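One chain, chain A, links the two complexes that follow: it is found with chain B in the first and with chain C in the second.
What follows is the complex of A and B.
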C-alpha cells in the first residue's frame, strides 16, 4: 500500500512523457501554422505569435499564392491537388486491398484446398521483405508499363505491398469467428458465396472497420514509394509534396506547418471514427 | 440422383457409413441406422464417440469416407448441404447475430426465393407455434438462452425440411428450462413429423424423448432400440452401464451349479439363479461372470420376500437422501478394494453409515455378462 502513490506517480509521469513526446510536435506545428514568418524568425524565439493569422491556410487552400517558394509547389491550387491525389490514392488502394484481402483471407481461413498452407505462408512471408530492396525492380516494371508518375501505378504498388499483411489479419480474424452460423446458412440453402456474403461478412464488420483504418493510415503515410515513383504535381501525394516547401535559401515555415496540419486531418478523422472498432479488434472482443 | 424408393426406406438412412478424418482419426465406423418418417431417434454416447460427426455427415457439412446417406429416399451422399433439405439446430444455436429474429427465421425461405407475403405468413406461424411472436423484431443479442433456443427451432421448422438434426440443443439451458423445452420439442416434433436425429448427453432426454435410442461408442453403434428395450435388455456391459441412473452395478461373480441348485457367489453371498436364466448360463457354470444389478432392483431386507429376493451383505459406506428416495453406497465385505454397490431404496429406510447390512436383490431382475467380451448372456 505504501508503494501505491509512488507507482501512481510514475504512471502519471510516464503517460505525460508519452503525451508530450507525441503531441508537442503537433502543437508546435499548429502554433507555427497560425504565425507569420516574422513571428517564427523572431530572436529571441516567441512561443506564441503576436498576430495569429489564417493566412497560411488561406494561401494553401485558396490557391491564390502570394507565398514565395520554389518551383512547381507555387502553382495555384497545387496543394489541394496534392491532397486530392493522396485522398484518391488512399481510397482506391484501401478499397482494392480490402476486396482482395477479405476474400483471400476468408478463403484461406475457411476453405479446404490442396496447397493451402504452403500458399498462405508464401504470401504472408512477403511481408518481411522490405520495400526498398525491391523498389528498383519495381521502378523498372512500372516504367515498362508506363505507370511512372501515375496514380494508378502507386495504387498497384500499395495493393501489392499491403495486401499480404491485410490478408493475414483477416485470416486471423475469421479464424476466431464461429463457423456454425455459416454452416447454418449452408443448410438454409446458401451457396458458399452466399453464406460468405449474407452471414460471414456482416459478422466481420468491426474487424473490417479496424482493418480499413490500419490500411488508410499505412497508405496515407507512405513516403518512400511515392517519392521514387512520382515526378510531377499530377500524381504527387501530400507526403511528397509538403517537403518541397522547404526551399534552398528560404522556407515559409507557417505555410509548411499549415500544410502538415491539413495533411494530418484525414487520417485523424478516420482514426477517430473507427476508434471503437480498432479497440475492439485489439482487445479481441470484436 | 433422384431414386424413387419404397416407403420403408424413407426418412434418414445411413448405410455402412464410415468417417476417417485426416490424420487417421476414425470418428465413425461402419454405421447403419434408419430413422423412419415421424420418428425421433436419440443418439447418445460418451464425449468423442462421433455423435456430432454423424449429424454433420447427414447434413453434408462433413464428407463421408465410405458408405451411403439417403434422405427421403434420395441418395445425398455427394450433395452439398443446400441440396439436402435438412434443418439443423446447433448446440450454440448459431443464430445470425446481425439479423432480427424475423429475418433469422425467414432466411431459408428468402434464399429459396419464396414470395415476401408467404415468408411473412410462415414466419408468423412458426413464431406462433413456439410462442416467440413478441420477439420477432429483436436481435439475437437481446434474447435469453431459452428464447434463442426457440428461435433456432423456429428457423428449423419454418422450412418443412425432409429431416431434422439437433445437436445437444438443450445443453446450454438451466435444468428447469430444459424440462420445459424437452416437452416442447417433443410436441413440435409430433406436429411436424419429420424424421429427427437428436444428439444428447443427457440420459433423461434420451429416455423420455426418443422413440428409439442409439448408443455410440468410439464411432461404433453398440445398440439401437426403444428406451425400454435398452433398459431391459442391454446387449453388453457398456450399454448396461450407460442406460439407467444411477448406473447399473456390475459385480464380478462366480457361477456354480450343484444339481438343481444354481447360484452366483458375490463377495461371499450366494444369490440363487431362477430356472429361466439357466439355459443361457449353462456354458458358464463353474466360471466367472459379471453380475448386473440395477440400483432400483435392490430393496431393504424388510421389503424383501424370501422367494423373490436374494440377500447380499454389505457395509454402508455413504448415504444420500434425494428426498423422494435414498441412495445407499455399499461395499461388499469390509475390504476397501471390494466392488462398490449402489442401491436406490425407499426414503424411509433406516440405514446407518458404517454398519453391516443386508440388502435384498430382486431375483427376476438379474443381468449376466461375459466378463471377457462384455456381451450379455441371455
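What follows is the complex of A and C.
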C-alpha cells in the first residue's frame, strides 16, 4: 500500500485512542481507590484526591468495623476470605477442567473410535447453551446433594459448564500440530499412551498455557453462577462480594474501587504475562 | 483408549449439562403452583405462552435486542478501526496488543464498578464534565432514563468484549496476502476502495466469527446491568428477568421456560450466522 503521511498520522491517533480507551477506566479506578469519600463527593468533581491515602485498602483488608460502605459494614477479614474463596475455587476448577478437556480434546483430534464425530459435535453444541440455563436445572440436584453455598458445588458447576469450550479449544490446537513426531514414536515401539504423554503433551505446552489462562480468567470473573449458588461469606467469591459494597442511596466509591482494584490484580497479571499465548488461542480458534 | 480418554468429558456433559437441560424442559411444562406440596400438573407449552405475554418479559426481550444490536454494531465498527490500526508491525505493537487485551481479562463486575463512578448522578464524572462545559444545567440521572441507560450499559459491555472482537479481526486481516493490495494499487485503487472491495469481502469469515461471538456474549448480558443499575425494570435483560422469576419469585417453571427460549434463540442465531456466511466457525 502507498504510504500517506496523513494515513500514518491517523494511525498514531487511533493507537493513542485505543490506549486511552483501554487504560482510562482502570486508571480512574486506581485513583478513586486512593481518594477519600470527601474527594469523591466534591462538586465540581475532583479528578485527583487532595492527599492520596490507602485508607480504603486498609479498611478492606484490615477490616476496621467502623468503615461504613453505604450501609454495609466491611466485616473484619471478610474481603480477604472472599479473595481466598475465589483463588481456591479457581485453582481447583482449572485443574479439573484441564485434565478432562486435554484428554478428551486430544482423543477427539487424534484417535479413532466408534461414535467419535457424533459425540464430539454433541459436546461442542452445548457451548451455545447459556450457562444460566444449566445452572437453573442443576439447582435442584445441588440442593439435594447439599452442595449449595459450598465451594465444591461451584467447582462442579464450573467444570461441567466450561469443559465443552475448553475441550473444543484443545481439539483445534491439537489439529494444528504436526502428526509426524507421534507417528515416529509409535513406529519406535511406544504405546499410544506413551506417544500422548511423552510426545504430544510437551508439544502442546503453549496451547495448555493459553487454555489455563483463559479458564482462570473465566472462572475468576464469573458472577452469576456464584450469585445463585452461594449465600454466606464462607463460600462467596470476590465477584459476588463486590456489588454488596454498592449502597442503596450513596456508595462509598473509594472502598468499592479498592475492592475492584484488588479483584482485577490477578487477571491483569495473567493477561499481561501470558498475553501472547492467549492472543494466539483466541484469534486462532474461537 | 480413545473411548477411555473422552469418557470423563462425555459423562460430565451428559450428566451435568444434557440431563439437567432435559429435566429443565420437563419443569417448564409443569404448572407453577406446586408450593402446597401437590403433584406438579402438566400444562404443556402454557408457561411459554405466559412468559411471552408477560409485560416485564416483553420489555426484557426488547432491551436485550437493543443491547445486542448496540453491542454488535459498536464492536464491529470499533473492532475494524482497531484491527486496521494494529495489524501491521510497528515498534511497541506487542505492548499495545497486551494492553488491548486487559479489559477483556477483567471480571465484568469490575468493569461495571470502574464505570459506575463515571455515571453516578451526584458525584459522577460525566455529569460534572457536561456541567463544566455548560452542556447541561443540572445533573442527569443517567440510569433512570431508559434510552441513556441502555446505551451506556451497552458501552460498558463493549469495553470488555471489544478486545476479543479486535483480535479476531486482526488475525483475519493478517491472513490477507499483501500482494493483493500491491496489485490493486498498481491498478490505481485508492485505500478506501481497497478497503471496500478487497478487505471487507476477504474478511467475511472473520466478521462472521466476530458477529457470532459478539451476539452470544451480548445476549446473556447480566453482570454490567446488575452493577450499574441493579435489577431495575428500565434496563432489565432477558437473563435478569429469568433470574428474577426463578430465584426472587421462586417460580422455576416460568423462569426455565424463558431461559430455554433464550437458549433456542442463541443456538438459532449462531447456526444462522454460520449458514449465512457460508462457512462454519471452526
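Quick notes on this one:
Quick note on the criterion: the second predicted complex is superposed on the first by the 264 of 286 C-alpha atoms of A that agree within 3 Å, B and C clash if a C-alpha of one lies under 4 Å from a C-alpha of the other, contacts with A are read in each partner's own complex, and residues count from 1 in each chain.
In this section, a contact is a pair of C-beta atoms (placed from the backbone, for glycine too) under 8 Å apart; a residue touches a chain by one contact, two chains touch by 3 or more.
Fair warning: this is a prediction, and the values are worked out from it, not measured in the lab.
After superposition onto chain A, the modelled positions of chain B and chain C are compatible, with room for both. Draw one line from the C-alpha centre of chain A to that of chain B and another to that of chain C; the angle between them is 90°, to the nearest 10. By the document's definition of touching, of the two partners only chain B reaches A:203; chain C does not. Number of chain A residues touched is higher for C, counting chain B against chain C. Once chain A of one complex is fitted onto chain A of the other, the partner contacts of A:188 are limited to chain B, with no touch recorded for chain C.
Once the two complexes are laid over each other on the shared chain, residue contacts for A:130 go to chain C alone; chain B is not touched.
In the superposition on chain A, A:28 makes contact with chain C only, not with chain B. Of the two partner chains placed by superposition, A:121 touches none, neither chain B nor chain C. Minimum C-alpha separation, chain B to chain C, in the superposed model: 13 Å.
Residue overlap on chain A between its contacts with chain B in one complex and with chain C in the other: absent. Contact residues of chain A toward chain B in the complex are 178, 180-181, 183-191, 194, 198-199, 202-203, 205. Of all residues in chain C, only 1-3, 5-6, 8-10, 12-13, 15-18, 20-21, 23-24, 27, 81-82, 84-86, 94, 96-111, 113-118, 120, 122-125, 127-129, 131-132, 159, 163-164, 167-168, 170-171, 181-182, 185, 191, 194, 209, 213, 216, 219-220, 222-223, 226-227, 239, 242-243, 246-247, 252, 255-256, 259-260, 262-263, 266-267, 270, 282 touch chain A in the complex they form.
Those residues of chain B that touch chain A in the complex are listed here as 59-61, 80-82, 84, 86-88, 90, 92, 94-98, 107-108, 111-112, 155, 159. Interface residues of chain A facing chain C in the complex, by the touch rule stated above, are 1-2, 4, 7, 11, 14-15, 18-19, 21-23, 25-26, 28-29, 32, 40-45, 47, 99-101, 103-104, 106-108, 111-114, 116, 119, 122-123, 125-126, 128-134, 136-141, 156-157, 159-161, 163-164, 167, 172, 192-193, 217, 220-224, 228, 238-239, 242-243, 246, 250-251, 253, 256-257, 259-260, 263-264, 267-268, 270-272, 275-276, 278-279, 282-286.
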